[in-house]
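The two complexes that follow have chain A in common; it is paired with chain B in the first and with chain C in the second.
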Partner chain A sequence: MKLLMTASQIHGLPVVTVRGGEDVAEVRDVIYSPEAGRLVGVTLNKRGFLAGRSREVLPAEAIHAIGQHAVMVLEESSLVARDDAPDEVAHPATERDVLGNDVLTEGGTSLGTVSDLVLLVGGSGEVVGYQIDKAGGGQGYIPLPAQLSVSGVALVVPNITEEFVADDLVGLGASVDDFRARLGLK
Partner chain B sequence: MGPIGWLIIVVIVVVVAAAAVVVVRRRRRGGSVIATKDKR
Partner chain C sequence: MSESFRGCRGRKVISRASASDLGVVSHLLVDTQRRQVAAVVIGSGRKTQLVDWGGLSGFGPDAVMVADEAALRPPGDDGERAAADGKLELVGKKALSDRGNELGKIDDVTFDADTGTLEDLIIGDRRIPAGSLLGCGSYAAVLEERQEDLG
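Here is the complex of A and B:
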């Protein structure tokens, strides 16, 4: 089943094994590739009230499923030691946290600031949009092209993004395909 | 100091300790959305 989820809904989810049902970790940071337009992995916290960062991480390939209440892995060995994991997951560029970044159209119009990332889970973890705090107040959702370059403190999106600002996740889900079709991506 | 004074001190200590636990927990739990670097 495919489902739209925000990164903040994934933060703090328990990581549970399919074989055994053990609760082995908790999601800390969500790492995605704007180039590939998909989730590349998550960093983990240990379980426990005041437990901190885990030495293991979870690359996207090792994720069995992401659901509303848990991230599922086949077994505990699916968690990968930082030394053995892809560098972008093992040592994420924490200065590249996109939350709070300005969203500007290519025409120079500010649409607001990023408050969350929207993922299509159930498949490859495709990144489909951002939740934004709109420049005029209130929250909205903008669809993203399949590929996007992120640099500095601003995300530059195509001009037509302004026409596709949705009020909720349902509206975003409905607009992604139209948006990409308009850009000639599908 | 009377019992009311001690009670006020205990309440202040409990509130400060609870706030400290919340701050420490938030710092330890983290939670960011990180974009990987563009390799092009």
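Here is the complex of A and C:
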């Protein structure tokens, strides 16, 4: 059983230092690499009313944990200026955005289109599934293998994914380990 | 003897040397790295003064005894000024796990009156060993997450 959350739930969360207990920024948006199957970083807003966009970003390596109520970093120096960040964080390739992509099984069945990312609560940005608008209508959640191929239009998932479409995050949390075991992944 | 932050607030502070009344305890300043009471904050506002733990002759149930009035000092830096204003006060602070999950609000903190060592953080009906305290700032106190503290 894994506790999961969607990427949109991260938006607006405070970024808090473990050693200082200070809220040093808040999450503006997440930067995702579909190939790596994980967040590569988050962009930030300054903290406070009408504070606006921060010039700093938070690369995934500097994320201590992403929880339900805060994104934790060890200290304020974990935030880096955009220019000093790895290229994939500083200049994310928006054309590889998976949102809206068609999810196709290897057998050619469409499961729906991607509407959000699903992450492990307490992890550092591992994406374990997608929220989809199901082909037949309604919302569903699918588990992901650690890596998969994406084109920017469609993404291809193993055939057994169809058996693992869950109605909610709890259902997906309960089945994601089984799914990976079936694929021979840890 | 075990004392609590809430319990000692407002307690008289007396000079051992002159027996004079120096004010009352408003806050305790905590060294989060060592999980120790570092200093006692007396009074509030511009008249705030601090006594380091080592400057006490006793943290008693009826009065906090300061060895000598010379041990009184004003807040030394921005961190101490913030602490003296209560901005770093553990009691009433949001408790956040290092995994980014809220654990509740810290209702009280217990400590050993002889050594100043923090004992437990009390959050609702849970007592969390102070050893799990990682940091405390104006936003939250950060605790090491243990499975049994969630929920």
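Simple rule for what comes next: the second predicted complex is superposed on the first by the 173 of 186 C-alpha atoms of A that agree within 3 Å, B and C clash if a C-alpha of one lies under 4 Å from a C-alpha of the other, contacts with A are read in each partner's own complex, and residues count from 1 in each chain.
By our rule, a residue touches a chain if its C-beta (ideal position, glycine included) is under 8 Å from a C-beta of that chain, and two chains touch if they have at least 3 such contacts.
Please read these numbers as outputs of a predicted model, since none were measured by experiment.
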Does the superposition put A:Tyr32 against chain B (first), chain C (second), both, or neither? first
Is chain A touched at more residues by chain B or by chain C? B
Looking at the overlay, does A:Ala70 come into contact with chain B only (first), chain C only (second), both, or neither? second
Examine A:Ala166 and indicate which partner it touches, taking first as chain B and second as chain C; both and neither are also allowed. neither
Output check: A:Ala51 vs chain B and chain C. Expected answer is one of first, second, both, neither. What do you get? first
Name the contact category of A:Gly20: first (chain B only), second (chain C only), both, or neither. second
First (chain B), second (chain C), both or neither touched by A:Leu117: first
Chain B and chain C contact sites that coincide on chain A, given as residue numbers: none
Chain B residues touching chain A - in the complex, by the definition given at the top: 21, 24-25, 28-40
Show which residues of chain C lie in contact with chain A when the two form their complex. 93, 96-102, 134-142, 145
Can you name the residues of chain A that touch chain B in the complex? 7-8, 11-12, 26, 28-35, 40, 43, 45, 49-53, 88, 92-94, 96-99, 114, 116-117, 149-151
So in the complex, the part of chain A that touches chain C is made up of which residues? 13-14, 16-23, 64-72, 121-122
